[in-house]
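Here it is: the structure, laid out below.
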Amino acid sequence: MSVGWKRRRRAALMAALVCVAPAACNRENRNMNAPVPETAPKGVQVSDLHPGPSAATPSDPRGREYEGNATHIANGQRYYKWFNCSGCHFNGGGGIGPALMDDKWRYGGRIEQIYATIAQGRPNGMPSFADKIPEQQIWEIAAYVRSLSGNADKLAAPSRADEMSSIPPISNIDKAPPKGDPDVSKAGGG
Amino acid sequence: MTARLVGDLSPLPAAGFRSHGLWFWAAMGFMVIEGAGFSLACAAYVYLMNGAREWPLDGVAPDLGWGTAMAVLLVASLVPNALMSRASRKRLAGPTQLWAVVVFALNTLALVVRGFEFLHLNTRWDANAYGSIVWALILLHTVHLLTDFIDTCFVTLLLFTHPIDTERFSDVDDDSVYWGFVVACWLPIYLLIYWAPRWAP
Amino acid sequence: MTGVAEAGALTALDADGEQALARTWATPRGLWGFLTTVDAKEIGKRYVVTGLAFLALGGVLALVMRTQLARPESGLISPDRYNQIFSMHGTTMMFLFAVPIMEAMGLYLTPLMVGSRTMAFPRLNAFSYWIYLAGGVMLYVAYLLNIAPEAGWTAYVPLSGPEYSAGKRTDIWAQMVTFTEVAGLAAAVSMATTILKMRAPGMSLARLPLFMWSMLTTSFMVMLAMPAVMLATSFLISDRLIGTHFYNEAEGGSNLLYQHLFWFFGHPEVYIIFLPGLGMVSEITATFCRRSVFGYPVMVLSLLSTGFLGFGLWVHHMFATGLPHLGDSFYTAASMTIALPAGVQIFCWIATLWDGKPRFATPLLFVVGFVITFVAGGLSGVMLASVPLDLQVHDTYFVVAHFHYVLIGGAVFPLLGGIYYWFPKVTGRMPDEVAGKWSFWLIFLGFHLAFFPMHVLGLRGMPRRVYTYGADMGWADLNLLSTLGAYLLASGILVYLLNLVAAARRGWPAGPNPWNAGGLEWATSSPPPPHNFGATPVVEGREPLWLPGEFPVMHGLDVEHREVLLTTIADGKPDIREGSPGPSIWPLLSALAVSLLFIGSIFDEWFLVWASIPVMLCLIGWFWPKSSHSKLVKAPDDKIPGALA
Amino acid sequence: MTRLRGRLAIAAALGLGGCRGAQTMLDPAGDQARDIDVVWRAMLIVCGGMYLLVLGFLAWALWRARRPAAVGAPAIGHTPAERTLERSLSAWVALIVAGLVTLVTISFLVDRSLAEVGPQPLRVKVTAHQWWWRVDYDGSPQSQIVSTANELHLPLNRPAVVELQAHDVIHSFWAPNLAGKVDLIPGRTNYVAITPRRLGGFRGQCAEFCGLEHAKMAFDVTVESPEAFEAWRRSQLAEAQSPTNAQQVHGQQLFQTKACVMCHRIQGTEAGGSTGPDLTHLMSRRHIAAGALRNSRGDLAAWIADPQGVKPGTTMPRVPLTSDELNDIVAYLETLR
């Protein structure tokens, strides 16, 4: 094989590797070393009733990382059961607590807003877990909740858990864009 | 050591039927592989059935209608299949073409019946282990139904478009053997999917 | 590279006959030739070289593991990295090195040893190699992208299930298993058909070389065992991607179903790996002891019974799962019974050594190393077969020592001896004897230094697959010793490979039969011409080249078109002449289409439907009929065997 | 035969014979382990004997190779020695069959004796989690159940039946000094019978690959006199003593307001989480974090400060604590005798 051909083939291979790499490597990485202590997302708007104009919720880059990482979503699934979220929200279909698989989010459906809802608690029964669940685990539970409505990375979401299956495989749920995201332009929640 | 001539191979014929040719052995090899796959899938079905409290798990067995229709259709198709095989081994172009078209038609009909079967399984693959193994068995058989559909279509087409020589006749004959295998595989699966839930204690 | 047969090749036609045949069977030059070749020798060489490359990769992974375990509580690699490495080591060695390289040796040698011009389905062999290469490349690209498997080469459910194995790692493993199984099945179908239908005239089953008997048994075991793991991994990947419940206990599934399906394949798999090794030992022992192997019928019976019994004892991998012990003791008896055929074969080889005039070239050294190591491994296997003892040593380093003794001892030693033995036939050059002896001693002593202490580690309670261990457990010194042995073994393998690479260019030219062996493959030139045999050899005994008198041959096969002789199964009487397909690009295209389907279906299950269209198109292109062979060679068309008219 | 001598020397040096150790099958301290040791010794003798026979025959064949290699055509058909070889082959087959039958019989008999369980066995329930063991002792009224983690207390000479279940993946319960291993499989209940015959502390470890921290999933087994066992059991039933000085009280408050309370249980206090180990009598245990660390104040502080550092991948999170918060919590935990 002429040298030109070989060099072109190697370049094509490297290009293929490079473009695939970032997508795959985020989904799969597991930071085994002690994680830097996580902090809550800042400036989260959960309601659009505020005097005068104000910016919508800034999107926290860690949100994308948690939503796109398979290990964080799997841990979120585990903690969703451990911390008894299923007690009120059942397996995502809702019951005492609101459903988490549809597209109606009274306090916002983005991961930062779900984090705030878990941490601060909400009226009518949602307890505040601020100090009770470390920050990283709240991020992970929020990522799992996002995957329940198909908004997390589909490739990262597990298809089911080893238990009675009451919801269709969440790796197949087609994306339900969050309505009721309290951005500035719209008045009132979803 | 020097070589000494002991015989001449030129008068040998250049084609043979069934086990004399090589293609037949490829079909036999894949039949052994798929036979092993089918029997293990059926063993898995029985394993899950024995492990379950009640079978089918959500209580609704598939409707008998279409499955039985498929079984009857496939067994019936063995007659034209045998006639096609005999005609091809007698190297009679006319009858071979005729029966090949009949077998191809029955094969197409079988695919249509299989479509209806899917609608009347009364379970989803992600409902529970019963649904998963039923869909696995029926999908395994459908893949072989499809491959033989394409093979029969391909072989029948060539009977009309290309000059027919011994190799074509031998291809038709090998295809009839493979179709016999596909029919033979359906019978145990039919019993498991349609009758096991009804007989299970 | 395809030199015309020099003088001395017994089955050469006259000069222009050989040239015509060489032209008819030649592989096109350049890249196009590389991609479309169907010459079993080209594909066989490529397969063996790729297998050895994966041996080297798997070996490096093993060295990293041993370095991590050399000292207690060593922080060299994280547990996630270690889990990926030991899963990759097991998967590479079992699926990408051991089974493929044994089938590759079969692909190269079967046509030469049974006296045929090529394999039964040349394009199927090419397809087998491309699919195997695609599986191996996919696994190592995934490893670079941090998506390597991490649940061991057995990947038990529920650890490998959707809940406890996040991401695409186990899906890549499951799909890679499907790749290598398809490759293995394709090669097995081709090899079994060649051995049954394309033997030289006169070669009845009673005159079939022992290596061919072991490849025949292996091919049937492959065809019956591999569907089990394809089912197990297909069920696993559908559980993980579309939420089926094969292994979900809460929805009626069963975790043990996976173990049953996996080990129904798993145990025959290890016999698929070392049965060809037993065949190679028979060939080497006969040649270097100047005596045909003692007890041919007993050897064949042992091979067949090992193959048959191999399917009846998979549950001895599951003694600790709490299955009823009465059932387990059946498997104890079955597992111990398989020691009988192995013991008989060992006796026959040593009897051949005892009664023959052994000449200790490197291949025979590897045979002696094989006997010493494999018997120790077989006996520790008998120990593991006992249910009570297995409850103590299962999943400990005693088991790690056992299966390295029977796999490296039982398969890699004969393989290294076999590659050295047939190297002159493949390349036409002799490997260096001194380097050969050095590599043997390094490998032998390195192996025992590395793996014998593991027996004691297992007895002292060290479990398997641990990324580290406590300093106070008393395992540190033996692990250090084992790591030193591992490096010594690696250096031996390196010397061996370097010896072959150097000899390929600068070795002494070897004539058609440098070892004065008796098999048919030594009747051609070294390296053999593209068509293997000009004149068709006729076989009148088990070691054709050792028979007194002149070498019987037949003429009459066409020289202008690719044609092979098919003979009857039992007594090898000439039956028909069948056309053999020439070089074709379709196997490569089909392999690419199938790879697209397999890899795509990991990321989106609709690939199973849409990618099957290019696969279908490639298969139609592949099977598109060519002109009738009987018209080409103007063969008689009246008495067709098997016809009813 | 240099190779032979070299290998025997290595075997002797490594002390293949019995050797003391807390986690080895070579030092049996229970009925089951002693029965299996009988099988092990029988195997060693029979298989070792067969191996020496093979090596002897091989050595003889290699020694015969020294005689002058007669030049001549290779032997094909029957050689003069064929008859003797055939007879010795049938003798060899008979020997193998005899050896195998003996081993199968011994193995079957011992296997049956393992299945027998002594009268009124002590019932213990062990549930395996990803990377720790939950141990529950039965009690007639509900309140009599003792729940502890990563340790097993057994009275001497009294048979015990351990009921094995798994909460997530497949693990394997294995204390080699006492009995063979049995897997813990989700969806199945397995049992292992243990009859300890010697006092002392032994160690067991998970023997089926179960994920990231499979290597650090050990448990302690303490065999003590029946009286000591009853004393231990009564102490385990008692509720946690309430903290005395201010630092311990502050530590308890921290424990109940921080994330600890979500997973751990301390009987007699508000903490009732069941996903993590029960800490009511934490300090009575020899090790913490499933055998990864000894149970001392320093190790406890190190484990709470950074569990991922000790066992990367463990499900215990890093709870952010200031150093004096950490000291208060550790001081409180030390009151849980």
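A, B, C and D label the chains in the order they appear, each numbered from 1.
We take it that a residue touches a chain if its C-beta (ideal position, glycine included) is under 8 Å from a C-beta of that chain, and two chains touch if they have at least 3 such contacts.
What you see is a predicted model, and the numbers here were worked out from it, not measured in a lab.
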{"item": "A-C against A-B, pair bridged by the larger set of C-beta contacts", "value": "A-C"}
{"item": "Chain A and chain B, separation of their C-alpha mean positions in angstrom", "value": "47"}
{"item": "Distance between chain centroids, defined by C-alpha means - chain B, chain D (Å)", "value": "51"}
{"item": "Euclidean distance of C-alpha centroids - chain A vs chain D, Å", "value": "40"}
{"item": "Chain A, residues touching no fewer than two other chains", "value": "30, 32-33, 78, 160, 162, 165, 168-169"}
{"item": "Residue list for chain C, restricted to those that touch at least two other chains", "value": "78-80, 158, 163-164, 239, 242-243, 245, 248-251, 254"}
{"item": "Where chain B touches two or more other chains at once, by residue number", "value": "126-128"}
{"item": "Graph class of chain-chain contacts, one of line, ring, star, complete, other", "value": "other"}
{"item": "Every chain pair in contact, whichever chains are involved", "value": "A-B, A-C, A-D, B-C, C-D"}
{"item": "Chain D residues within the chain C interface of the complex", "value": "3, 6-7, 10-11, 14-16, 19, 21, 23-26, 33, 35-36, 39-40, 43, 47-48, 50-51, 54-55, 57-58, 60-62, 64-65, 69-70, 73-76, 79, 81-82, 85-86, 88-89, 92-93, 96-97, 100, 103-104, 106-108, 110-112, 114-115, 130, 164, 168-170, 172, 174, 176, 179-183, 185-188, 190-191, 203, 205-216, 291, 312-313"}
{"item": "Touching residues (chain side chain A, partner chain C) in the complex", "value": "1, 5, 17, 20-21, 24-25, 27-30, 32-33, 70-71, 73-74, 77-78, 155-156, 158-165, 168-169, 171-172"}
{"item": "Residues on chain D engaged by chain A in the complex (per definition of touch)", "value": "168, 186, 212, 257-259, 261-263, 275, 306, 308-309, 312-313, 315, 317-320"}
{"item": "Touching residues (chain side chain C, partner chain D) in the complex", "value": "78-80, 83, 151-152, 156, 158-159, 163-164, 249-250, 254-256, 290-292, 294-295, 298, 320-322, 325, 328-329, 332-333, 336-337, 339-340, 343-344, 346-348, 350-351, 353-360, 368, 371-372, 375-376, 379-380, 382-383, 385-396, 444-445, 448-449, 452-453, 456, 459-461, 463-470, 473-474, 478, 516, 518, 541-543, 546-548"}
{"item": "Contact footprint of chain D on chain A as seen in their complex", "value": "30, 32-35, 37, 75, 78, 82-83, 131-137, 162"}
